[in-house]
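As written, the chain order gives the labels A, B, C, D and E, with residue 1 at the start of each chain.
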Amino acid sequence: MTLTPRVKAILDHYESDTPGTKANLYRLMNTGKLAGTGKLVILPVDQGFEHGPGRSFAPNPPAYDPHYHYSLAIEAGLNAFAAPLGMLEAGAGTFAGQIPTILKCNSSDSLTTQKNQAVTGTVADALRLGCSAIGFTIYPASDYQFHQMEQLREMAREAKNAGLAVVVWSYPRGPMLDKAGETAIDICAYAAHIAAELGAHIIKVKPPTEDLCLPAAKKVYIDEKVDIATLPARIHHVVQSAFAGRRIVIFSGGEHTTTEHLLDTIRGIHQGGGFGSIIGRNTFQRPRAEALKLLGDITDIFLQKV
Amino acid sequence: MTLTPRVKAILDHYESDTPGTKANLYRLMNTGKLAGTGKLVILPVDQGFEHGPGRSFAPNPPAYDPHYHYSLAIEAGLNAFAAPLGMLEAGAGTFAGQIPTILKCNSSDSLTTQKNQAVTGTVADALRLGCSAIGFTIYPASDYQFHQMEQLREMAREAKNAGLAVVVWSYPRGPMLDKAGETAIDICAYAAHIAAELGAHIIKVKPPTEDLCLPAAKKVYIDEKVDIATLPARIHHVVQSAFAGRRIVIFSGGEHTTTEHLLDTIRGIHQGGGFGSIIGRNTFQRPRAEALKLLGDITDIFLQKV
Amino acid sequence: MTLTPRVKAILDHYESDTPGTKANLYRLMNTGKLAGTGKLVILPVDQGFEHGPGRSFAPNPPAYDPHYHYSLAIEAGLNAFAAPLGMLEAGAGTFAGQIPTILKCNSSDSLTTQKNQAVTGTVADALRLGCSAIGFTIYPASDYQFHQMEQLREMAREAKNAGLAVVVWSYPRGPMLDKAGETAIDICAYAAHIAAELGAHIIKVKPPTEDLCLPAAKKVYIDEKVDIATLPARIHHVVQSAFAGRRIVIFSGGEHTTTEHLLDTIRGIHQGGGFGSIIGRNTFQRPRAEALKLLGDITDIFLQKV
Amino acid sequence: MTLTPRVKAILDHYESDTPGTKANLYRLMNTGKLAGTGKLVILPVDQGFEHGPGRSFAPNPPAYDPHYHYSLAIEAGLNAFAAPLGMLEAGAGTFAGQIPTILKCNSSDSLTTQKNQAVTGTVADALRLGCSAIGFTIYPASDYQFHQMEQLREMAREAKNAGLAVVVWSYPRGPMLDKAGETAIDICAYAAHIAAELGAHIIKVKPPTEDLCLPAAKKVYIDEKVDIATLPARIHHVVQSAFAGRRIVIFSGGEHTTTEHLLDTIRGIHQGGGFGSIIGRNTFQRPRAEALKLLGDITDIFLQKV
Amino acid sequence: MTLTPRVKAILDHYESDTPGTKANLYRLMNTGKLAGTGKLVILPVDQGFEHGPGRSFAPNPPAYDPHYHYSLAIEAGLNAFAAPLGMLEAGAGTFAGQIPTILKCNSSDSLTTQKNQAVTGTVADALRLGCSAIGFTIYPASDYQFHQMEQLREMAREAKNAGLAVVVWSYPRGPMLDKAGETAIDICAYAAHIAAELGAHIIKVKPPTEDLCLPAAKKVYIDEKVDIATLPARIHHVVQSAFAGRRIVIFSGGEHTTTEHLLDTIRGIHQGGGFGSIIGRNTFQRPRAEALKLLGDITDIFLQKV
């Protein structure tokens, strides 16, 4: 596919990266139904690790099989498929080259209350499995945040040297934040900014609410009349917080909602200038036909003119 | 021995592994009485380290000698012998090539209440001792789980580079689990899935009970009517949780039971589609003739048509 | 630009450094309006990371864009621009060579009460981004101080081997210091001395108050009648504490104050023999024209004869 | 000296070791009065570090000098001399080649209640000082046991690669053990077994009492009627616990006792099939002539037919 | 200068060291007024780091300048100058070759109650600055002692490989010791012995009092009638505890005392067979002329026949 002006503009923002990394960002943006638009829809499947296999896959048993997710992402025309080491290993040969993959390099589980993760994959693993990017989760505000940032620094350095892209899941949680605080607009914007400062190429955060959490920040948002009234306005602020749009910011689908509620969120992300969505449970826990329908509706939204 | 269709099908699931690792998986599946069936019975002897030598070997004193276990496993026609560094070193020369061996690379003892292990063997040790695989224990749910997963990541990476197979003992324990929870069906399935995500080639878990432990999981199992009523059904669910059967899952024999109870468990594992058993105390604590009889009965079960 | 006697005198103080490091110190002192004077004004932009993007940039939204800061520093004729990894990556290509840059290699955020930082950039990053120096923050008196000093030792050693300069932000905080103690004159002088002992080429501390904090030090200051009555006298004492002026010591602008108060502080720094200022929030939170006016006034002060 | 059948039989047990390590085991067994018997008496001098110099050497002041110990061990016809780094460095040149030496690579002191040790010597040190073996202490049951086992793993691996032998002092202590428990027969046997599993060539434990400590073990010892009534029976059980005699197990002299009591212990070790003694304070705290007499009596015991 | 018999005798005690290290020990003993006598007086200046710059240098302001100390040590005819990284870097070029230097590789400050230090210099730093030795402080009895010993092991190994000498400051402190205990004779002797066991070439301890601290040691000192009545007797015991005089032991000047009291201590050190003094605050806090006079008096004492 030829390079579109929009994709070229986005690639130009990565002005310190090697041709290898730019080529992988290109691949991520030039695959599937959204190819060339600068928008991305990614299928992540780490819920088996994070929540357990029964809780994740029993609603749609074919989803126990890693091949199911590869083929779903390909058939739906998504931009990429992201998963932990074992799941990628189980399909990387069969589907080699058919869709860009992202090795989720750290993971947590539901068997602990520690707000931490284990690094379970490496850049070397990503390379041998033919991935385009590594994925890494940080928990800003947790007691482990500095440790996680330092792990990310090392892995991002390695990834960039190897021509891979770096995708950061930035999920604030910790002693200073209650449940509402984790998705407050000042906190989501902060999470996106931290990921950008850490050198992420692609940043994943949750859709922000209109809560304001940190008192010192709240004062400024009110004094400066920052527009956070609507989801598109908040999405715009989060994207602005990632170097004024110089970094790709995508958003998760959040807790299981009605399909219409989910599509409303997608519309808000698109209207606010978000670069796309990363959406897992809401698709693979439905029957395949319904999932394909939903993913078609989502990509259609991102194909609309704003 | 020629490659059987069943072994070929299993090997094909390891689509991201090198020929070296596949060759060692082949050796593990093509040795002994079960050669070519895709079923495995393995003799593990780490109880001296885990429980102490007197408690483990006094019931059958010839078992103090490492050579006893090598020759027992060979004579019984088992697939492999697994033990910690010192025990393998004590027989690896005498029995070189006669049976595949698995270096158990971490161990605990009964002198502490810490739910942790020490890494006591390395991939380099496994190579110099002619092993086919490394073995590694993780305790999902323990305070040390993330540390253990990171140790495993490094050792598995090294092992795969060296053409070895990786066997993971996945034994949940920790503050969120009571004794019943450790073998609850949702927890055993979760343990198998985590090991699969970590890149294990062969996964060892305990036979699951019909308990359900985590509330969020319990709800899904009930809502989705997951069949966990019988041991074969539960075995099937655990195997399904390891990438829909794409990974070899074997089961321990559990606490010392009557021989008939033990054989019933073996039958349940076989009927549920389990790949085999790993069985230690129940064999080497009996007189040799009785142990050979029992192991013969076990392999006979796995040779039956389901 | 030719080497002025003042710059030569300063460079001669770095008698154990390589030509590479001296060349970078030369670049830092021979750029912008203050070139050749031995005085420096540096723009640091790490407040997005330290305080959050909204709180830092909402008062002047163009400042969300990393390019804004590069061009502000260049247009104002400053000596250097300092920022964390991501912000430098976002502009290092566009502005390559136009102004010396300092990679701020560790950062904290406002989402924790831990008095610690994460190392988020490396010497290798500084080199690939064309930086003249690395920047590193230590918190003398914190529970993490020795760990931070050891991190700095490793990074400074690497930087010196690579011909980079080392800029140390020395900000005392911890259980032995209350808020007033953090800027007490004995503590600021101590902070500068520790940074000098650690091998810093350029030391950044806060402007000191006339408080005296540590009892054993207080006694000596009083007995020896050390002059700490005026800001210039205190600045002189801090510079003296950094090897009698053999190390470049610059001062932060401190909390947001009136412009006149800020310029008074700058005058005090200049009169006391300080080597310059590092000033962020006070500039980029104003409209660009006002910021340029203020920076012009500041550089004019440093151009005055004392 | 020619290879005796007994030494050959012992060397054959080390079937996974390199010729380099076997050569050093040969040297240890073929030096001094016990050469060729497969029995060893070793002089260890780490009490200066462990208990302090005055407490250790004031009873016999010539013992402050490292040369004293070298020459005592040589003159007494012992198999080896073991000491920490500094003490070996102080005599390794003068006595080069005259007696095998063992570098005690970790040490503790009497200035702390932590049940831990510092690693103070390395395999590289052992090689440059011409040692035949490294010595390493583990405290099974202590909070540091897993850490110590991992340190030992790394050092043993290095030592074996370099052709050195590995001697492990296995001294249980920690929260689960009271003073009596530390020398209980089940615990001493467990300590010997753990050291064997960790890959030790030579294992040093304390002479066991007839106490039984761990309830689960106690039950088995009683049920199986394990003979622990006499010291020779207990020594036999400990040796059996180290792979049925496939590993050299030697015993310490224990607390200062009457000479006759000490010789009784030696007789018990010999009769029970122990491989020898490691005896420090009981010799170097006496006048030299008395020490030589005592060591002569000890070696005479080990020369007797059992 | 030719090799004197006394210096040769001392060098011969370092029988496991390389010619490189012996050459540096030779340089340390063959410089200044005491050249060839085997006695050493060393100027250490780390008080700026340990106590703060004002408290250390305000009594004699020229001492803020690192060059002051270099030239004082040279003019006074001392054997060596010891300081942390920054202070050496500030003068190493100007005074290259004029006096042996010791890089003090770890330091603490007065801003914490942690009984620990940060490693702030390396062997590579010592080599590039032309030093003859590294200096390292351990706090036996502190909670960090084993960690510090392991740091020292690594640095000493590197230093010896590079032909440098190793000077260990051994300062007991920690939960088992009260203030008096830190300088009790059994503790000072123990501190010297530990440093010797760790492989130190030169050991610095504090002058001991006649207190006895550890009960088990106290009993032996009394039973064996160890002479600790006078300072020379105690110095003799400390030197004896460092391998019967095979290691150079020097003593600090202690807290600021009257000049006459200080000279009495020096006489006691000399009479007891101490190898010299390391003396900082007592010299550089006086006017230069007085300091030179005092240092002249001290070296004169060490030149006297005993």
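Definition applied: a contact is a pair of C-beta atoms (placed from the backbone, for glycine too) under 8 Å apart; a residue touches a chain by one contact, two chains touch by 3 or more.
The structure displayed is predicted, hence computed values, not measured ones.
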{"item": "Where chain A and chain E overlap in contact partners, by chain label", "value": "C"}
{"item": "Mutual neighbours - chains that touch chain C and chain E alike", "value": "none"}
{"item": "Rotation angle superposing chain C onto its copy chain D by C-alpha atoms, nearest 5 degrees", "value": "145"}
{"item": "Same or different contact residues where chain E meets its copy chain D, judged by the half mark", "value": "different"}
{"item": "Distance between chain centroids, defined by C-alpha means - chain A, chain C (Å)", "value": "36"}
{"item": "Chain A and chain D, separation of their C-alpha mean positions in angstrom", "value": "58"}
{"item": "Where chain C touches two or more other chains at once, by residue number", "value": "none"}
{"item": "Going round from chain D, first to chain E: chain order", "value": "D, E, C, A, B"}
{"item": "Residues of chain B defined as touching chain A within the complex", "value": "13, 15-17, 140-141, 143, 145-147, 149-150, 153, 157, 172, 174-177, 186-187, 189-190, 192-194, 196-200, 214, 216-217, 220-221, 224, 226, 237, 240-241, 243-244, 246-247"}
{"item": "Chain E - residues contacting chain C, complex", "value": "48-49, 51-55, 58-59, 61, 64-66, 84-94, 107-114, 116-122, 124-125, 128-129"}
